[in-house]
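Two complexes come next, and they have one chain in common, chain A, joined by chain B in the first and chain C in the second.
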Partner chain A sequence: MTELPILLGLALSHKVMFGTALLGSMAGIVGSFAVLRGRSLVGDMLAHSALPGIGLAFLILGSRSMLGLSVGALASGLLAIGAVTVIARWTRTKEDAAIGIVLSTFFGAGVVLLSIVQKPGIAGNKAGLDSYLFGEPGNMLTGDLVILSGVGAAVLLVVALLFKEFKLVCFDIDFAQSQGWPTLMLDLLMMASLAVVTIVGLPIVGVILMAAMIILPAATARFWTNRLHLMLLLAAGFGLAAGPLGTYFGKGLPAGASIVLAGASFFVISVLLAPQRGVLAQVLAEYQLRKRMTREHLLRSLYELSESNLPELTKLSLKSVRDYRHWVSLEKLLEQEVEKGTILRDAEHVQLTPLGLRRASELTKAHRLWEMYLVQFANIAPDHVDRDADAIEHLLPEALLLELEQKLADEGRLPYLVAEVPLSPHDLGSGTQDSQR
Partner chain B sequence: MSANTSTTAFEIHDMTVAYHRRPVLWDIDFTIPEGKLVGIVGPNGAGKTTLIKATLGLVPLASGKVEIYGKSYHEQRHLVGYVPQRESVDWDFPVTVRDVVLMGTYGRLGWFRRPGRAERKIADRCLEQVEMTALANRQIRQLSGGQQQRVFLARALAQDAQVYFLDEPFSGVDAATEAAIVKLLQTLRASGKTVLIVHHDIQTVRDYFDYVVLLNMRLIACGPVDTTFTNENLQKTYGGRLTILDEAAEAMRQREPNR
Partner chain C sequence: MQFFSDIVNPSAGTWIVLTGAATNVACAMVGCFLVLRRMSMMGDALSHAVLPGLVVAFLLSGSISIVPLFLGAAAVGLLTTFLTQTLHQYARVPSDASMGVVFTSMFAFGVVLVKKYVAGLHFDIACVYEGSLELVPFAEPIAGLPRPLFTTLLVLLANLVLLIFLWKELKLSSFDANLATTMGFSATALHYLLMTMVAVTTVASFEAVGSILVVAMLIVPAATAHLLCDRLSIMLALSAAVGIAASVLGYWAAIYWDTNIAGMMTVAVGMLYGLAVMFSPRYGICSTLVSNLQMSLRVFREDLLAMLYRVEELDASKPLTAAEARKALGSGWQSRWAMANLFRAGHIDRRGDQLQLTDRGRDDARRLVRSHRLWETYLVEHLGMPLDHVHEPAHRIEHFIDEKMLQELDAELKRKGQDPHGREIPE
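Then we have the complex of A and B:
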């Protein structure tokens, strides 16, 4: 209405934007290492089990200072991790069950403690204590922002200095150990940065949703790149965007939840649209591969049917083609090939064109070379070869095909006839004579 | 390089290793001279991998010690190269082939320093040795089993070690890779390196190795293949598990004149 509240609101929303963006990018970076190290749940564990520590710290301190509560949170989080380790090692409980037990016990204790703290008999300014449950970025104080920035700078420094070491430990800890790296220390350092980021994020996103902030940006980034440093940058970027975006679109809604939902929407979009790893890209690639395979099957079949009369191009009856192997939609396939100029057809007959013959013989040659390779080198029974060849030949790079040919030729196993189009090493079943081997 | 007065490259003294207080290796004691290709052979669960891991300090020793060129492993770590089992890592990890090979140089680089041009050159040379140059920029997920094994070998080569430990490098690889690995091993031997290899296939021991360590929780025998890889020692190693067929094959092999 007047200008004052609007200005105040702006200032606050800037603070919130900055804070959530900072938290998101830090969570993305430490989360990437956690996800790659197979420790995604450590963040979840820490966050949930931090709650009783927060309640206790408040009871002792009587105030809501971020630093004090964070120390309490960290202490009870670490205690919980210790409890999981002990339970998993010394009882017959498996680790995942131990995590479930400890996490919910601590969380339950935390909820009880918080409700005791909220009772009127207990002294102290309790405003904002609730925000630890579901998160409330609006409660952020300028001092909190300073702490956040400090943690952010420290995390960046550690990761920048130890990028190589962290990468090695995440990929192959045994190898790292054999080279003499203090792997336990490095591992702990990675976990410690995860823990610190998780704890400072608690009042912003809340103990329940903090794990999502750790895992989502990292898992999202993995869809877009195959390089670790790019993954870290992208994860930081996704985290950074999720914070402000969530608070902006989530006005009037629980902020922590809308931030997580913003992060989740990045993830869903990536699952669907990412190149190579995305669902869409994979479906498309699969479709194209299938299309190519059926086309190659057609040309090869036509070649095999015309083989005995070569170099004369035989006019084949449509029925003989139809009976030659199982077709899904032969009519459509033939139509496409006519358009490509590889076959000629009328109502009853079909025939390879010279262009089609060339394509078909190349395909057949590649196919048979592979079959021969399997027969010669891999001791696969000849009658099992055909099926394997069909599946794999389409994936073979040309260089390997050439190598195969050379290899066979070197050993004198590439028969004279085979130099052009090798005879099939197994009986085609349609009465053509066997190759002599 | 290796005259008859050969130096000792690798030595284990009274090594005992226990998991959860249950011993897996008992009083292992042997010496390996420099410049040998050594097969570590024994049935499943014989402790072959544990032997390597304990040597490299990945598994604590209950007792005993390990020496590389006369000094403790701790002091000589820079002389050691390691090829773990292929399945021990996540091959979907976001790194390229060259990245993995570069990891071999990390030990020499030390804290904080990043691999630079010199290290990349080393990595490329090692990739060339395993015929993987063309795939240097591939993500490791796109590799076949044999190619993965070659990458691991190249990483060990980048360590530029004197003594190498290879854990089942031949398992699950294609024939071409197996041949390439054997060739590489021979090159290493020719330049005076010592290579210890956990090996599963008894049939190829004679073809690949000079020396053999026969293991079944304790040391059955250790020595040159000709004198140590005998049917009697194999019987002791595999006990009842060595089938009649294996025995027959082995007998045939021994009757064959020098192959």
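Then we have the complex of A and C:
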């Protein structure tokens, strides 16, 4: 391949940025499918097992042309995928071990071949072969950029044409198969596009770092969305940004490594900050759940303590509340409830307000309904259900509550107030008879 | 890369083979558990992830002496395991992806550290990959052994001690982690311990053999042994043997072709695995193919016998012709082979164009038809299946009903004389 930097009018550094961005976005897209299919490490395997193909191609061609070497790499990568499939399907060896075996054996063979190729006396320009191991973005030629763009366009075309099919294969391959789709072909096509991208990326970022480019943007994108098309876009975006950022900030450092570290920092940020799956969001959600649970426990305790005198609202002594169950910080809890208007309190006493009574009776209802369920359907002894119900009452779905409510009412154990929902003042039409119960 | 065709002298070669063998055995000891726990890729991950640990240990201690390197490796092993687990458990990253994210990032970090602080010093990433077994005989000796050999022997010893003291715990937690936990061993603690040992083994092996050979030796000998046996103790012994064999074979081949020794050992162990895949007596592809073939021949034979019996039962004066039988069975080579088997064994006879059961053949066929019809009766009477649904399952299972089951069926069905279609059940 001839070097034609003037053709595109790009300086080397711009070329590197352009190339790594292109590679990153492609890797993000094919990597998303790999991560969703539980094949994150296949990229790693492909990258390693391309080596013997590169050595052989070099032996045959006697020169470092990206196209020739890539064809060799692709061939041995596909052979490796085939070997893993055969081993995992036909023998006792599990898929993870199969991947490891093929990866290391192929790589070992590659090292052997390269050491033969690089012996003095074998003609040809050997410079650049090592770049397949460690990556050398600086070696990128304009021709390589053209190949990269071509591969990128092809991958995009395949993904765009087969988006629906790939989606189904990713999320429910059994269903796809039962619908009569050629799942094996689709799966292979997915793997093949992964292989192609991995192999064009090898000389740019090297073996391990290519494996990282496959996983990192996709795993990062997964944190932000549950929708496939958004995930693909995001992964492409993260991959796109990692290349230029890494090369820009990593001046003087190995380019492949700094690109991966840029990708890794996106990942870390996402792990911490992503809205639903992020660590902070989860910690926050758990804190709120805990807070709600203690509050619900307080209201239910107050209800149970005043239950014997209902519908009168009893003034309860603080001591009786304190003794009723274990509290972590009762004072603060009571304060919050006073603010919410669910209880009244003075120095010694506490009392539910009518609003508080309504809330508390709903909560007690949920608790007792669940206790019923445990006794009737899970055969748990009545003296064991209280604690189990305590743990789960906050998470019960509405439909289940309604179903069990009737049973409880039949036994005359429905807590006070909940049965007294007034009738609607207007006509609800037919078909809503149930809701007027 | 350099070549040392001058080291073919026996003593240097012996050191190399010994070092390779010690490394392989040390790796195989922990590798067996990786393979059994389906965490083989953890070997690959750890062997890359230890890089920053090595660099930091090297920077802090200013030397490449053994103790700081091991401490660095152990620390990184724990960290990698922790990060992988945590990402999987709390951030819901799929376990393979979390492994991939962690080890590639750590490796990249290590590469940056090397470039920034250690460049030009005694630290070559290519060497981490490919190792320098060739140089082992020239390494400074410790206690009369070349340093890499000494280090790996040390780790091998540590691994063996660990195995002996935690034998039943490791065994139990590998095969049934939940049971281990309910019995009071912490499967998690064992997991971390094992991963630390993998990391330490990896590092011990780096200097001599490089990461490819380590990754290969952690997984391949164990997987090979797993194809050959069903007992953990035998698996460990076999995997050690495979490791030693790979070292000898690999060295010999590398000298013969004058190429990289560690790479050749990897190829050698891959070949050994390939042999096991093909020819393992119980789990190999060949034996599976042979037993599949035997099974399908048996089914063809028995189907033909039963068919002839039914035709005879229907109208003894109109026997089946060979052409009709072939049409019914399918005309593949297996059915032809099966028919030839029956002729040779004297189960059927050919009279002109027609096939006839011999007395021996009739006995066998009667048994099969009896199995078939008893099973049909059973399906109808005890499982309440409709009449038109029982032939297929009976047809499939008739080949697998043994004498004991026949007797049980007979007793269960109170010696019925007829199947649900009204045909006689032969005695």
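Throughout what follows, the second predicted complex is superposed on the first by the 320 of 437 C-alpha atoms of A that agree within 3 Å, B and C clash if a C-alpha of one lies under 4 Å from a C-alpha of the other, contacts with A are read in each partner's own complex, and residues count from 1 in each chain.
Here is the rule we use: a contact is a pair of C-beta atoms (placed from the backbone, for glycine too) under 8 Å apart; a residue touches a chain by one contact, two chains touch by 3 or more.
These numbers were taken from a predicted model, which means no experiment stands behind them.
When both complexes are overlaid on chain A, chain B and chain C end up clashing with each other. When both complexes are overlaid on chain A, the residue A:Leu402 reaches neither chain B nor chain C.
Applying the stated contact rule after C-alpha superposition, one finds that A:Met185 touches neither chain B nor chain C.
Shared-chain residue A:Cys170: touches chain B; no touch with chain C. In the superposition on chain A, A:Ser258 contacts chain C only, with no contact to chain B. Of the two partner chains, neither chain B nor chain C is touched by A:Leu280.
Which of chain B and chain C touches more residues of chain A is settled by the count: it is C. In the superposition on chain A, A:Met231 makes contact with chain B only, not with chain C.
By the touch criterion defined above, A:Leu67 reaches neither chain B nor chain C. Of the two partner chains, chain B and chain C are each touched by A:Arg222.
Within the three-chain overlay, chain C meets chain B in a clash at only one of the listed stretches 40-48, 202-210, 256-264 or 382-390, and that stretch is 382-390. Within chain A, the residues touched by chain B in the first complex and by chain C in the second are 38, 222. Only residues 1, 3, 35, 38-41, 43-44, 48, 87, 90-94, 96-101, 104-105, 107-109, 111-112, 115-116, 125-126, 129-130, 212-213, 215-216, 218-220, 222-223, 226-227, 254, 257-260, 262-267, 269-270, 273, 277, 283-285, 288 of chain C touch chain A when the two sit together in their complex.
The touching residues of chain B, when paired with chain A in their complex, are 53, 56-58, 77, 80, 82, 84, 88-90, 93-96, 99-100, 103, 106-107, 109, 111-115, 139, 141, 155, 159, 175.
Interface of chain A with chain B (complex): residues 36, 38, 161-165, 167-168, 170-172, 174-181, 222, 225-228, 230-231, 377-378.
Those residues of chain A that touch chain C in the shared complex are 35, 38-41, 43-44, 87, 90-94, 96-97, 99-101, 103-105, 107-112, 115-116, 118-119, 130, 133-134, 208-209, 211-212, 214-216, 218-219, 222-223, 250, 252-254, 256-258, 260-261, 264, 267, 271, 277-279, 282.
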